[in-house]
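Just below sit the structures, each encoded as structure tokens.
Same chain, two partners: chain A is paired with chain B first, then with chain C.
Showing the complex of A and B:
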């Protein structure tokens, strides 16, 4: 391959040299190396400008007392004080716990329901393709717009959700205050998130199930392994890397959860649903403590990045098995 | 022989087990649809019907929600309304029944158009840059390619709010705050990482021999890319474009923090639709319905590409 490349390259260079004034020729005769950079550079430049430069700026700000609503005030370095404040702030720890609670329950529910659905769909009953598409719809929608509408569904007096639960359980609707009740509000969010994102987990699990080669089941069949045994010693372990991948993606996404919570509860009642992103938004755009918010942002990033890395290592081990 | 229940068994799943599986999946799908159907039904209810208890399933359809979504209204005395000439259209008529007159168009349409411009603009750019970079990474030996690719992916791990702080400051300096261009650039940057990853997978699958054959036939590298690789990658490019579009169409956090007026998109706008005395749910539902329809259509029309994109992304990463 390299040989043919270099032959073509030389030929192209030769053509380029013959007509040095033609811009078209020169572009055509670009070396592979130049083309590689020409192709990759725009994306990298954009990412540097919109992701990396701001990230570095955020790191710098995290060591200062800068406030975005007072752009002309003198900026002073405060060393590690912002980090110290963030890490000793009980509200921050509370928000982290709330976030962890959401991440845990949404992952458990979405994995169990998503895998079950994938397992059932994989039986290829008649019409499975159509119903799979229907199930996919929620994940294509806007979490904010959907969250806003679920607020209506959750209304205790007029909402469909309260009505349905009350009809099924006999509890009066006035007691089903999903968004106003301290113990129910977190579940209100978990329910909507599960409604939206179970299809996503289902799809990845389906990809996993379809990747299991038939001959393994055939061999198990020859060995007269029971269906139950086949499920636990073939289906689950073979699909596990995919399930773990789905958990990784959902974990990262739900760690960042913001729009749905903002629209459903805004962090309330009190602060029982105040996830990390909402605390961060309050610090940055309501208290205007830009320096401290930046420190919090960096802490969050390091936390996700670190956890994701540890998780990916575990995932790779599972894959190698 | 044990009963073969597994989907992949040599023995096909039994008829009954297929039936049970189908029934459960269909039940789940129908439950999933309920909130969406309810959104649509609410959008064609009158405001009193929308908040009646028990929730009304049978009702007289009304266009009030859509009229209220698209106009701003002022309350007038019945005498004043009676003195007006004939209503000029359905909305005028519907609005007058509640003693109101139309004061002008609402902000919904401009916000919806912003959504269209920003979503399609950023999708086009992200796919363009993504395809080029993916080809670059797929076909050439790029120094530190793995590190670069991982770095590109890691930019997605930041919570949007965390990125929004410095972007907010940067955009304020550059005059990009509350501009469509600023939002297009931002969404392009967010999407380009996904685009590079997805497309690299698709382009890796196209045999290099195709290009080599083309180049031996006298094509240059760029010609081979355009005439051989691009047509082969169409499915992948389509799948990637849909994902970018869905993200940009649905994004809320950046839009809520970085736009306030002229460049605001629909997601932060819809929740702010307020009627007289509380939220005007039919109008909100109407806005939600209009906003969701393009994505619903996309999902149904392009489900194959979507499925391929999602599962492919999963396999790659």
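Showing the complex of A and C:
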């Protein structure tokens, strides 16, 4: 303790000696509040430049006919026409439905499986640390690697997934076309996302379970509460804020799902896996309809922001119970 | 103190000088941007002659096909200086010309005596001209390419298969001349066991994300009578894009997909199609001609085992154009050097060597030379194919037009939603909207 203190003091002395007198004089004249602003200012400037300015710029562009690939063309205001086009476009609504389908099912599966795994890991059985590490591996991989890896697994002729399903069900491997079949392709993506991100949900749930004090369970034991009763009356309610936090994070992330879908199906077959982010990317960076794409981005932003806000309020209520 | 200052000044000067030296050396350096594929490697080899002759170092920026358009169109739209020369896709010509990305080459061609009549006419229209069929040149035809077919000649020549085929269909098993024949062959080979392995009929383009299924479907649709618009009234698409013949063509493409492709062929483009052929999965393969030299050299399926044929005919006879022209990027600081490269590249002897190395020259003196057809096993098929080419829209909004077709066609052919008539009617609607947005109708 003393040694570290003396190191800090020496470092402070050295820094003070090295600071030019002109700077020392200026800093001495500043109030604590001014110094606080001085430290915060770079972060605020960065935030304004990287987050706020592009957002304001996108809002402006959403009311124009601007196309990024025609920088020399006159930019004209179009009022609410871009928003009208976006909100009446059947493709946009189909993409939103597809996205909602993904978000719903990935959240349901990841929450149920993630919480179950966390509950089992929390039992601290022999080798639980090893299994925790194994379960976490998919989450550590790059989505690009995961996408390509699963594309091969789903391959009807050589893929392990088709082989395993065929072995279990007796259906010929050539008929198990996970990525080419309209009804299976959305599930193919849901399976991959669940495989990759369930460990993340598990980690958050595990943190929740570990935060429950042991004495509550001891008191329940004294009251002769059954294991089932303890689970529903103590474990689930006390872990609920953590579960809801995991749902919030995964919901926002999956609303933006892009890389996995692009790698696995490219939005196909047809448009059954074309999620909102792919439609947006196509409008913005392939069609270069920058104004319309900006309007679409704003609509998405408002939808996510609005839903997240409602959800956070619900989360706070749960925490306050 | 003064000595110290002088020493520091000297050090700083030396550092500045040393950092400036590489810039001086880079003045004679040109960057050429293209897709990362076999012909690009041939161009690297070819360009060594240019460097030896002029002392200009050639740098290459090659991007995989999957991100080629995204990467370089972003570069052009942001007025980037990365590329001095670019070999841009044929569809980019309209947008690149109208948005000022490419240098107009008419004056340069006139000054240097480069005549567009010296190049295969279809490639001049496809790769160089905007507006189409007008003498406004934005590129020099660089890499001729077209969708054609390869087949397993060794399987076709097996006596027992020939006999069985003749008995079943009543004609000799050989490279098909019509689509009916192509489908019969594909059906014949579908799920057949050859050398202890299950094989399939044909690999065709079905890719959803970029342009794959459009390149494949149009290749077939043209032959049934599909037209982009009324030849007498531009942008009038009703009755041309969705004509009864076009509908039949699209129905045929779907039937070919359903009957005769390997399982899991829902997202196939150039690489996947070549892989299906190389791995001995399919009897026939639809692919751009650029893949042919590599496949011919392949140890397992190349040499005597492979044959080549142009797109079969039906009511009409066309093939989907691929390929690119080479352009000078208007944002480059080295436009003069880039023009010198084009001047060098246009020379007949350089073009002849380009063909030898694996590039597909578009120069008449090369492709019409007496020995050309016999110079490579695929040369005749290439010549025949280039004689029947037709290209997708090259409008500035080609990407929106392409996206619409990708969606409509994939929805019908692969996903099996709706009918061919509905798909093409929807396409007319989408394309009309794009041209209305552009103020063209």
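One rule holds in what follows: the second predicted complex is superposed on the first by the 288 of 321 C-alpha atoms of A that agree within 3 Å, B and C clash if a C-alpha of one lies under 4 Å from a C-alpha of the other, contacts with A are read in each partner's own complex, and residues count from 1 in each chain.
In this section, a contact is a pair of C-beta atoms (placed from the backbone, for glycine too) under 8 Å apart; a residue touches a chain by one contact, two chains touch by 3 or more.
Here the structure is a predicted model, which means the values were calculated and not measured.
Undergrad: Contact-wise, after the overlay, does A:157 reach chain B, chain C, both or neither (first, second, both, neither)?
TA: A:157 sits against chain B and chain C alike.
Undergrad: I'd like to know which partner A:239 touches here: chain B for first, chain C for second, both or neither.
TA: neither
Undergrad: Where does A:189 make contact in the superposed view: on chain B (first), on chain C (second), on both, or on neither?
TA: So A:189 meets neither chain B nor chain C here.
Undergrad: First (chain B), second (chain C), both or neither: which does A:86 touch?
TA: neither
Undergrad: First (chain B), second (chain C), both or neither: which does A:174 touch?
TA: After superposition on chain A, A:174 lies in contact with chain C alone.
Undergrad: In the overlaid three-chain picture, which partner chain does A:128 touch, first (chain B) or second (chain C), both, or neither?
TA: After superposing on A, A:128 lies in contact with chain B but is clear of chain C.
Undergrad: By the touch definition at the top of the document, which applies to A:69: first (chain B), second (chain C), both, or neither?
TA: Second partner only.
Undergrad: With the two structures laid over each other on chain A, which partner does A:265 touch: chain B (first), chain C (second), both, or neither?
TA: A:265 contacts chain C only, not chain B.
Undergrad: In the superposed arrangement, which partner chain does A:285 touch: chain B (first), chain C (second), both, or neither?
TA: It touches chain B and chain C both.
Undergrad: Overlap of the chain B and chain C footprints on chain A, residue-wise?
TA: Comparing the two interfaces on chain A, one with chain B and one with chain C, the shared residues are 68, 71, 157, 173, 262, 285.
Undergrad: Can you name the residues of chain C that touch chain A in the complex?
TA: 69-70, 73-74, 77, 79, 95, 98-100, 207-210, 262-267, 281, 396-397, 399-400, 403, 407, 410-412, 414-417, 437
Undergrad: What residues of chain A sit close enough to touch chain B in their complex?
TA: Per the touch definition, chain A meets chain B at residues 1, 4-5, 8, 12, 27-30, 32-33, 35-40, 42-44, 46-47, 49-55, 57-58, 61, 68, 71, 113, 117, 119-128, 131-138, 140-146, 148-150, 152-153, 157-160, 163, 173, 195, 199-200, 203-204, 206-209, 211-212, 214, 216-218, 221, 224-227, 230-231, 234-235, 242, 245-246, 252, 255-256, 258-259, 262-263, 276-277, 280-281, 284-285, 290, 293-294, 296-298, 300-301, 304-305, 308.
Undergrad: Quick one: which bits of chain B touch chain A in the complex? Just the residue numbers, please.
TA: Going by the criterion above, the answer is residues 1-11, 13, 17-19, 21-22, 24-26, 28-29, 32-36, 38-39, 42, 50-55, 129-130, 132-133, 135-137, 139-142, 148, 151-152, 154-170, 172, 185-186, 188-190, 192-193, 196, 208, 212, 215-216, 220-223, 246, 249-253, 256-257, 266-268, 270-271, 279, 281, 284-285, 288, 291-292, 295-296, 298-300, 303, 306-307, 310-311, 314-315, 317.
Undergrad: Provide the residue numbers of chain A that touch chain C in the complex, in ascending order.
TA: Against chain C, the touching part of chain A is residues 68-72, 91, 154-157, 173-175, 177, 179-180, 182, 262, 265-272, 282, 285-289.
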